[in-house]
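Okay, got some structures for you below.
Both of the next two complexes hold subunit A, though its partner changes from subunit B to subunit C.
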Partner chain A sequence: MQPVKWLVDFIDVRLGVREIYASELKGYLLPPKVNVWYTLGAVLIALFKLQIITGILLLMFYVPDAEKAFASIQYIMNEVPYGWLFRMLHAVGANVIVIALLLHMLSVLFMAGYKGRREFTWLSGFIIFNLTMGLCLTGYLLPWSQLSFWATTVATDAAGAIPVAGEFLVEFLRGGATVGNQTLGRFFALHVVGMPLLLLGLIAVHLFCVKRRGVSSPPFGKEYRASEPQPFFEYEKHQGGIPFFPNYVVKDAAVICFFIAFLLAIIFYAPGMFFPESAFQPADPFLTPPHIKPEWYFLWAYQTLKIFPSEIIGLGVQGLFMTFLALLPFIDCGPERRPAQRPLFMTCYVLGILGFVAISIWGHYS
Partner chain B sequence: MDPNAPLPLQRRKFLMTLLAGLGALIGAASAWPVFRFLSPATAGSGSDQVLIPRGDVASGKAHFFQHRGKPAVLLQVAPGQFVAMSAVCTHLGCVVAWQETAGEFLCPCHGGRFSAEGQVLSGPPPKPLESIAVELDGDQLRVG
Partner chain C sequence: MSCVVFRSVVLVILLWCPVVAFAADTVCVECHSGQPGALGEPVAAWRSSVHAAKGISCHDCHGGDPTNFALAMSPERGFIGAPEYDAVPAFCGRCHVGVLDAYLPGMHGQALDAGGAQCVICHGSHSVQKAGLELINENDCSRCHDYDRALEIKESLTGVDTRIKAMDHDLERLHRLGFATDSLASGLFNLRNQFHRIFHGVDVERVRQESGGVQTELDQLASAVEVIDDTLAQRKLWGSIVIALFVLAGVVLVLVRKTYEEEEQG
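Up next, the complex of A and B:
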């Protein structure tokens, strides 16, 4: 008897894995016209796994102390075998995750994947996006460089614009009047334990929603029909669809490989892309470096605060925009999902992307 | 149909083997940096010798220090006569303590006793403490 078959038989007799395989993998059918944009969820899971693995490895040498943090990062980068690789995979990987998240959200918006009673799926995904931004922000401080110190100072200071509670909120976020060891301690705890635990839970909820409701069909082709959602629970079936395994998993794996190649290409050919000069200088609380800027994905928020005459208006606009985005499935709840049949939405969609890019560029050069 | 053409199952088996080989190769290539990252810093890198000022080791006293990443002890057993040895008990790896009044080493974990030269006097240690060469070089003691 072949050893693999013997092993599968051994497990199957005890756990019935062949039945799970038949119903949940081979029998789990995806829409026949599913496209490459549907793989971004799997890409994100793979990238998050990479962050967890590299994060655990970095934790073995990183010291969360204001006196030692920068030196420990230098030690990882210069002394520990392949330390540079794992640190770069973690730091650059965070940026690639944001890119994949944005593409995932944009594709869902374009194909109106949030429609058809998928509000929970959208909301859980939206919270995952914000939590990822939080992970990026808290992780940014940990190297304790001039860039991390002053970017965190500016980011936490923005909360001061909130009326009445602003000043208290700034000190609460920092754990003191200024960014210091106490800020590093709480950001470290949130970055390595609090937020990842929350993120794992939310990813589980998100996947449950996707699986329970069924994947939405791409709104293209002659056979597409806009349908009113039923007033009761209904699983969206895909008769004659593509089996999740092995067919779709192969497609997932191909796009994951593409993203890993993209990540490695940045690390090997443009390692300084996300690291300005101030990222290589230890934090000095008495010396603000010139032209301090947040990461590219926060530039839009940074510039919005500067455009408006007062910070509170800027914060209000950001809050309104994010609330609108979170509640979109409740606002745009018509049955039509074809992009060409939703001219108002598509105009806002394109203008929104252009606005995001333009404000970010403006923020970069301002 | 060409009768010599390989059957689809043979093709599938060939492709699966190829894929498994490729996967194993990528897995090994990914595991190597992790293994190197987790490997301890090379012991004994740089000089194996440690210089200790003679004044740090009074007669009848013990001086503990690190030698090749492990605890070691230097002892002036008689005026001008120095011995050095590993301070790691040969029983279960605890660090021995110098008993000045008794003139012997005692392992606090399981009561192993060693002479000032590191020989086993009593208790569970199976062999003597590992000896380290020591020589006087002016005001310095060169150990290792």
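Up next, the complex of A and C:
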């Protein structure tokens, strides 16, 4: 024990870490009624860290060249010690991140956590969500399988429906008329450098917003009172709340453990869940596989484009929906946060989830 | 022999090469699909065939230029049209080299000039499907002769055929898990071809002898699959332990949180 105390003293004298611990960890209080949904932020940070670690390991062996990319993935899966595990953690982990992100967003919407001058928190989170989708899309091409190639062809084709700039946009995304080596190069650069850097910055902004404004109390129980936000900056204090460390951190850690167990369970018991047959065939620009479909989280967008008579209407509807979601805190700005007291919102909420699931299933079977 | 091997390799590459597997509509298909009767029927039959699925189109068998309406049926572009009855084995045998080699010295091949069975009698022509033992059946065989001998051959082939199908299924399963099964699949493909060649000689004794060789090679493939399955079982075992540890850690942390909750309420 003595050496540990000596080490802490050594650092404390130089950096004042005990003061940071007292004010930012032990003294950082969360709402007394904070529930399990509040752990999803920590779960996402843990999963993103896992993506970075496994991504770096994959980078050691992956070759971003159309001639070699598929073979390098085969090499990782079959020859590199534990390469299959890193690759599966990375690929399946991306899907689990999307699940956690959706749950995080849905819980914030349900409890109206974006209210009370938390527009920046919501907006930064919304951009993180879209950036994660971008990371998934760019990462999808990298194995250079039939699935990668054709899903990217379909996804980039959709941009062509935009009037005037459509053709230019498609060529800009692909780096040429068709998906090829140049597309792989730019998607690789975006996936491993551009987007992760942006994501790290945005996560920092998001956490700053959460910390600076204070965590919102769950809108449940007799103690809850709907209050009008003040016209000046105000930190939401939680007197008598739960200390962040160690009291709440153990709950974060427990849910992180359960999520990692869930991720590992997919890898070991249902490894093919997110990989159709075309994911194991090398890309072939001359052979269009039948029934090529995007990943499950893009199925709603894929099907929306097919529902409407023209793709531009489908894109317009998607754009309107996403803009509405992004600007929700500016539209739904009343003080009431209790779900039972917001019948119109809750109807839209439930119908929205059912619509997302129904259109995705439709997209899967269409 | 080396020529046969070379042609077999070329055939394997052609069948598996996805570039060639792209069966776009050729001028043959465009023109014939609109024609009535015997001129148009082959197109519909071909579309549902194993040839269409593998990208083998009209010109691959009949020759001609599939990109030019005017030269589509030009002998200068290699158009040979439909073969005569006794020329069918040589016609199909340009690709199915090993099968032709087995067929010619066999009873069917030896009886060809006298109207003996050739390829399309059993397999059909444009609607040809992936060949299987179901092609040997009483209805079809007894059109020309007694079924007894054919049944004897079929029975001696059934065990191997079942194993080949099971192996194919196993390799597909492992491929879907990301294992590099290309060399094993290629071995099985060659073995299946070797096996298919055997019974085209319709010689019961030879079938029995050579089936043994195929069984031995299947045993080797089965050993390789077993090694991969053992690896998978090991992974699953260690994976289960790690999952259990994470669940346990989660439960312990939940219990620790409960103690904090009691402190907070007290």
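For the reader, a short list of remarks on this structure follows.
We adopt the following convention: the second predicted complex is superposed on the first by the 365 of 366 C-alpha atoms of A that agree within 3 Å, B and C clash if a C-alpha of one lies under 4 Å from a C-alpha of the other, contacts with A are read in each partner's own complex, and residues count from 1 in each chain.
One rule holds for everything that comes next: a residue touches a chain if its C-beta (ideal position, glycine included) is under 8 Å from a C-beta of that chain, and two chains touch if they have at least 3 such contacts.
Keep in mind that this is a model prediction, so the values were computed, not measured.
Three-chain overlay on subunit A, with subunit B and subunit C fitting side by side and no clash. Once the two complexes are overlaid on the shared chain, A:V154 sits clear of subunit B and of subunit C alike.
Using the contact criterion defined above for the overlaid structures, shared-chain residue A:I242 touches subunit C, although it does not reach subunit B.
Comparing subunit B with subunit C, the partner in contact with more residues of subunit A is C. Of the two partner chains placed by the overlay, only subunit C lies in contact with A:A261; subunit B stays clear of it. Of the two partner chains, subunit C is the only one touched by A:F275; subunit B is not.
Of the two partner chains placed by superposition, A:L190 touches none, neither subunit B nor subunit C.
Of the two partner chains placed by the overlay, neither subunit B nor subunit C lies in contact with A:L198. Contact with subunit B, but none with subunit C, is seen for A:P81 once the two complexes are overlaid on the shared chain.
Overlay on chain A (Cα): least separation between subunit B and subunit C is 8 Å.
Subunit A has no residue lying at the interface with subunit B in one structure and with subunit C in the other. Touching subunit B in their complex are the following residues of subunit A: 57, 60, 80-83, 85-86. On the subunit C side of its complex with subunit A, the touching residues are 18-19, 21-22, 175-180, 235-236, 239-240, 242-243, 246-247, 249-251, 253-254, 256-257, 260, 263-264. Residues 33-34, 36-39 of subunit B are the ones that touch subunit A when the two sit in their complex. Those residues of subunit A whose C-beta lies close enough to touch subunit C in the complex are 32, 74, 77-78, 84, 87-88, 242, 246-247, 250-251, 253-255, 257-258, 260-261, 264-265, 267-269, 271-272, 275, 277, 280-282, 284, 286-287.
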